[in-house]
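Below are two complexes that have chain A in common, paired first with chain B and then with chain C.
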Partner chain A sequence: MAAWPHWLPLVVFAPLLGAVLTPIVSLRSRHVAPWWALAVMSVTSVAALFLVLRVASEGPFSYLPGGWQPPYGIELRFDEFSAVISVICLIGWLAVLYSLRYIEWLREVPKERIPYYYALLLLNLGGMIGFVVTGDLFNLFVFLEILSLSAYALVAFSGEHIAEMAAFKYLLMGAISSLLVLFSVGIIFGITGSLNMADVATRIGQLDSAAPAALALAMLAIGFMVKAALFPVHIWLPDAHAIAPSPISAVLSGLVVKVGIIGLIRVYQIYYTSGVLDLHTLNQVLVWLGAISIVMGAFFAIFQDDIKLMLAYSTISNVGYIVMGLGLSTNFSVIGGSVHVFNHALIKATLFLAAGALIYRTGYRTLTDLRGIGRSMPLTCIAISIGAISIVGIPPTAGFLCKWYIALGAFEADQPFFGFALIFGALFIFIYYIRMVNAFYFQAPVHPEILEVTEAPLSMLAPTLFLASLCLIMGILGRIPLAFIEPAAARLLAPLGG
Partner chain B sequence: MKKAFVAALLIVTAIPLLIGVVALPPHGDPDTPVHTHISARYLEEGREEAGADNIVTGVLLNYRGLDTAGEVTVIFTALMAGLAVLISHKKQPEGDATYDAAEAAAEDAPVRAPVSPVVSFVVRLLAPFIALFAVYVIVNGHVTPGGGFQGGAILGALFIALTIVLGRERTRTLMPRLAQPWMQGAALLTFVGVGIVGGALTGHFLGYPAQASLHLARELMMLVLEAGIGLGGAAVFATLFLQMEAE
Partner chain C sequence: MEVTDIRVILAPAISLLCAALVFVAGSNKHWRRFWMLSAATLKLGVVMSMLPGSLQGTVYTWDMIDFTPGIGLAFRADALGMFFAAVSSTLWVITTIYAIGYMTGDEHRVRFFGFFALCVSTTVGLAFAENLLTFFLFYEMLTICTYPLVIHDETPDALKAGRKYLTYTLIGGAFIMVGSVIVYDATGTLSLGHPGILSAELGTRTLLLIFVSLVGGFAVKAAVMPLHGWLPSAMVAPTPVSALLHAVAVVKAGAFGILRTIYNVFGVDLLEEIGFAVPLMWIAAFTILAASLVAIFQDNIKRRLAFSTISQLSYIVLGAALLTPFAATAAIVHIANQAFAKITMFFVAGAIQRTTGKTNVHELAGIGYRMPWTMGAFTVAALSFIGMPLFAGFITKWYLSLGALESGEYWVLAVMIASAMLNAAYFLPIVYLAFFKAPPGTKLRVAEARPTLLISTLVAAAYVIVLGTTAEVPGMPFSLAQAAVHFVFGM
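And then the complex of A and B:
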């Protein structure tokens, strides 16, 4: 089954086609929409599973839509980094299940909007899947637009004024970054005459002047940094991720920011292979920005009382870890950073879904108001605690090995300072999660009625607990993803002679 | 102070941009990579192997069909985004799953500014010709500049003009409620449909049969795609307009 070649276009077009069909199947009753979306994501997940199995057994492979050989046609290319679609499908599926009750509960939302919510969610997931499996620069931009547009709308979905403002801020920043990416793709086409990534990599060095290539690199890097919300272009993230409906926060924080990272990896693949520029300066900039993001994100998170805002700031610091891992460009750090793309997605989705469950049951969203909730919603709070220790990076949870590898990379690269910055950041993160755990379990409730609430319905509790258990499993079996991503990291760094 | 800062920022960003752009290969020089690499094959062989006299159409629908499928999805996403944000609480009976923007607004009998009888007459007079032109642009995109996107835009504009002149009660019969979502998604639906047919014929999703005996099938597939893109684009324009007018 895994050898069937058409899984690759299927995994991209199943969610997109599913999205187009969502308003059609919901014509009779809007209650069909979530079940339809769930079915679509199931099919997509099966395809993703076969693709990941195939790449594990035979390494990267391509699909040529229309049968045109690259660079004349578009190439879909599936490598180990593309295996991130497994997390996209998993979290997407769980987010749809979770939305079933959560979206109906949002009082501000007219019920007629709901089918469009599922359509947008499917478009967003399909766009992300397309983005990570394409081997063509312009195609990359097209999928970037699909996922960005749908993300803006999903942030605004709840209809509150503040959500619309947050979405608008996100839209402005996102549009600028998309423009930068598009302009760079244009420049690259101008100097190479090609759009296929592998072909561009061999041709980009053949020009007399390296200035256009350097400009394209800089703009691509900035564009993807905005999407990844790295300091100092992170300003859109906290509001957007905090105000979006919780399942959407999980998708945005866990997955959509990672698109920027994958984009950065693709750009690195091109430029490392071509050898047209010395990337040392860019790497140094990324490492510094990563380190600042780690500390700043963690620092701001400490002062947040709103639980979702706190989680949103924590995303900035985790993106900092990943980017620092890439920038250090040693074997260890790149492996650690790439695996953290997977693990942070699981961890942050756990936390946002659990936080959503608390808000759903109590109606409160600040740590002060939620004091004592650990007694009435023990399972949800256990999930949050597991997520919290994972994100700090305490063994044996999912966060530990990646951060360990990145720190090892910092020492390997002879830049121990960044290893310390990383540990320092982890300490900060530890402080604010201790604050959260303290509020939930040990402080006297501000609102007595909080002791009366019950656990969230099963369609919300089950995804949360499942993800929390994955945080533990990924920690215990942490060597498997590390070994899985290793060939890709080695291939990325091979041109450096390391 | 703020203005000076903005000006300084603009200059600082402009300098590297200019340096990069100045070093680009000169425009119009036939020896630059843009003309010698993949475009050269498109121009030389495109007519034969992609099956469209208009090379742009050949690239859009054949060589880079996946991109175009993505683009129509972007347009559809814009529609979904518009609807998800625009539909508001106004006077919708609870639990009515079959809400229709047009119907709700019709009940509301919106107060329209009167349209000059001259404009009204001219629009109605020209409507069939505009529609014919749109169909011509869609069908002839194969040979001359044009195609689904352009024709769809003309159709959408026609719908909007007619709605303004005749009122939405008259034009909504053009988009029956049950057909609406099919029309809105028409572009991607035809893409996937044609893509699967192509996959069955050639073994590649979105492939077109190249054998001489199947040239008619290839033409037909492209025509269906253009029609789907046109219909989908027009429906997206029309729906967004109706929705915004209803709010």
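And then the complex of A and C:
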């Protein structure tokens, strides 16, 4: 089964097509929409599973629609980094399941619009999958736009009073970054006459002048940094992620910011292979911005009382880890950073889904209001605790090994300062998670009725607990993803001669 | 001889299972007690069943899954690890009995006993860790698991102490992680199964960085001055927790980490060569004296005991830093000697508090008439700390002094004598008050603590005497310590 070549186009077009059809299939009853979305995501997940199995056994492979050879035809390319679609499918599937009850509960959302929510969610997931597996620069931009536009709309969907404002801020920053990406794709096409990434990589290397290539690189890097919400271009993120409906927060924080990271990896693949520029400066910039993001994200989070806002700021810290790992550009650090793309997605989805369950049951969203909730919703709070321990990177949870690898990378690259920054920055993060755990378990409730609530319904509780257990499993069985991503990291860094 | 043996992971697994049972189905008092007591006894049995083999030099190992490519979650019960595991398993039985009596009627007993069992599980995991990564894993888990115990009362004071505890220990943990990363980067291994994995070729700068990170990180939990701040604050915890923190789990994890760093990461030969142990020796000696001086002025019983702990732990550090076989013997056996004596004292403090409500030294006048057995146990422990022959503490001082002479550090003898006098100065007044200062005019009747508290206190005190009198009897912990020393020094 895994060898069937058409899984690759299927994995992209199933969710996109499913999205377009969602309003149609739910014409008669809006209750069809979530089940339809679930079915679509199931098909996509099966396809993703086979693709990941195939890449694990035979390495990267391509799909050429219509059999046109690149650079003339378009190309879908699946390498180990593309395996991130497994997490996209998993979290997407769980988010759909979770939305079943959650979206119905949002009072501000008109019921007849709910099918559009699922359509947008599928569109977003499909856009991400497409972005991750495309082999062409222009398609990269197209998928980037698909996923960004649907993300803006999803942020606004919750209907809370600042939702439009948050979505607009997100749109503004997102549009600028998309423009930068588009311009640089244009420049690259202008100087090389090609859009296929592998082809571009060889052609850029043969150019006389490196200046336009450098300009394109700078714009691409900045564009993807905005999408990844790296400090100081993170300003759109906290409001957008905190205001969005909780399943969407999980998708946005866990997955959509990772698009920026994957974009950066693709840029690196092109420029490292071409050897046209010495990327040392860019690497140093990324490492510094990564370190600053870790600290600043944690710093801002400390002052938040709103639980989802806190989680949103911690995403900035974690993106800092990943970017630092990429920037250090040693074997260990790139492996650690890439695996953290997976692990952080799982951890952050756990946290946002659990936080959503608390909000769903109590209606409160600040730590002060939620005091004592650990007694009435023990399972959800255990999930949050596991997520918190994972994100700080305490063994044996998923966050630890990535931290270990990135720190090893820092020492390997002979930049021990960043190893320290990483390890001690993580402690900073712990400060606000311990506040959360204290509030849930060890402080007297502000609202006595909070002791009366019960656990969230199964469609919300099960995804949360499943993800929480993955946070532990990915830590204990951490060698599997590490070994899986290793060849890709080695290939990425091979042109550096190390 | 190395043997693959499941008992190495069975020991931590038993307490882990016990914790799970307590959490999931611990609301019934009788079942909870049954699980805890049977798990504690079972585990003691498992550890003790490895003792004969261990004394003959057998090392039991068990490799679990690979944690990262190249570094496994692996366990290895060598003599040093066995020593620590045996001490903590024995104390778990006694402390469980005591805690059942002490915590009767408390609101959050399920949580308390669940995390209590988890702590013991991680302690044994730590004792048997084969590499630094496994060690670090359990070390950090221990931090997390003790936090709910420290803030058990949920008062603002407790929460504040909990924050302080976490701040200190997690920063220490971060240093250990830095140290481990550098060790792995420099050598490509993290194994703790050799008498030293580093070599002088790494350069002084790298070695110094590793030494400071690892020893500094472990010194936080070992409460070496000036990193001791968390320990007196953590006294807000219930008494069995203080006993656990002070005698078995947390502080010993730090001390044990220092021993592992000195003996298994650096190795005595390398440390002798590069001389990093000398400053550590001075710091430990300073801590011994300074903490004792502070202890004299504490009126709260538990705070006085806390500073005494700080002082006593540095015996272990000092013994390790002297780098001679005799001193190493002292360092290792002091893990047990200090543990039993100090746990006796905490049991006494808790029993007095539960029975009479008194928490300060000046209130203790005449308490010996009311609780003669309890105060008798306290006297035994006090004499042990002072270093009277026939009590456990004497063994430590004797070997530590021998070790100091062996390495030519004669000033250590002066420290020993001063410390003995200081110990007398802050413990004997309590004994004096208890037995010789009956408040005039009151009629004193014997009203001992409830049996669970009293029995466990007396058992712990009996151990102090046993350890002090039977050092040369084969099969006692002392011989295990000697086996560890032989491995470390290649004798």
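FYI, the second predicted complex is superposed on the first by the 498 of 498 C-alpha atoms of A that agree within 3 Å, B and C clash if a C-alpha of one lies under 4 Å from a C-alpha of the other, contacts with A are read in each partner's own complex, and residues count from 1 in each chain.
The criterion applied here is as follows: a contact is a pair of C-beta atoms (placed from the backbone, for glycine too) under 8 Å apart; a residue touches a chain by one contact, two chains touch by 3 or more.
Computed from a predicted model, the values in this text were never measured in an experiment.
Asks: Chain A superposed: clash or fit between chain B and chain C?
Replies: fit
Asks: Which holds for A:Pro395: it touches chain B only (first), chain C only (second), both, or neither?
Replies: So A:Pro395 only meets chain C here.
Asks: Which partner chains sit in contact with A:Ile74 here, chain B, chain C, both or neither? Use first/second/both/neither.
Replies: Only chain B is touched by A:Ile74; chain C is not.
Asks: Tell me the contact category for A:Lys111 with respect to chain B and chain C: first, second, both or neither.
Replies: first
Asks: Is A:Ala156 touching the first partner chain B, the second partner chain C, both, or neither of them?
Replies: So A:Ala156 only meets chain B here.
Asks: Who wins on chain A residues touched, chain B or chain C?
Replies: Partner with more touched residues of chain A: B.
Asks: Can A:Tyr405 be said to touch chain B (first), chain C (second), both, or neither?
Replies: So A:Tyr405 only meets chain C here.
Asks: State the minimum pairwise Cα distance, in Å, between chain B and chain C in the overlaid complexes.
Replies: Chain B and chain C, overlaid via chain A, are at closest 40 Å apart by C-alpha.
Asks: In the complex formed with chain A, which residues of chain B make contact?
Replies: Within the complex, chain B contacts chain A at residues 16-17, 19-25, 32-39, 41-42, 62-67, 69-71, 73-74, 76-78, 80-81, 83-85, 87-89, 92, 94-99, 177-178, 181-182, 184-185, 188-189, 192, 195, 198-199, 202-208.
Asks: Report the residues of chain A in contact with chain C in the complex, numbered from low to high.
Replies: 389, 394-396, 401, 404-405, 407-408, 411-412, 416, 419-420, 423-424, 426-427, 430, 434, 438, 441-444, 476-479, 482-483, 486
Asks: State the interface residues of chain A toward chain B in the complex, per the touch definition above.
Replies: Those residues of chain A that touch chain B are 6, 9, 13, 16-17, 19-21, 23-24, 26-31, 63-68, 71-74, 76, 110-113, 116-117, 119-120, 123, 126-127, 130, 136, 138-139, 142-143, 145-146, 149-150, 152-154, 156-157, 159, 164, 187, 189-195, 203, 207, 209, 211-212, 214-216, 218.
Asks: List the residues on chain C that touch chain A in their complex, please.
Replies: It is residues 65-69, 73, 133, 136-137, 140-141, 144, 148, 151, 154, 159, 162-163, 166, 170-171, 174, 177-178, 181-182, 184-185, 209 of chain C that touch chain A.
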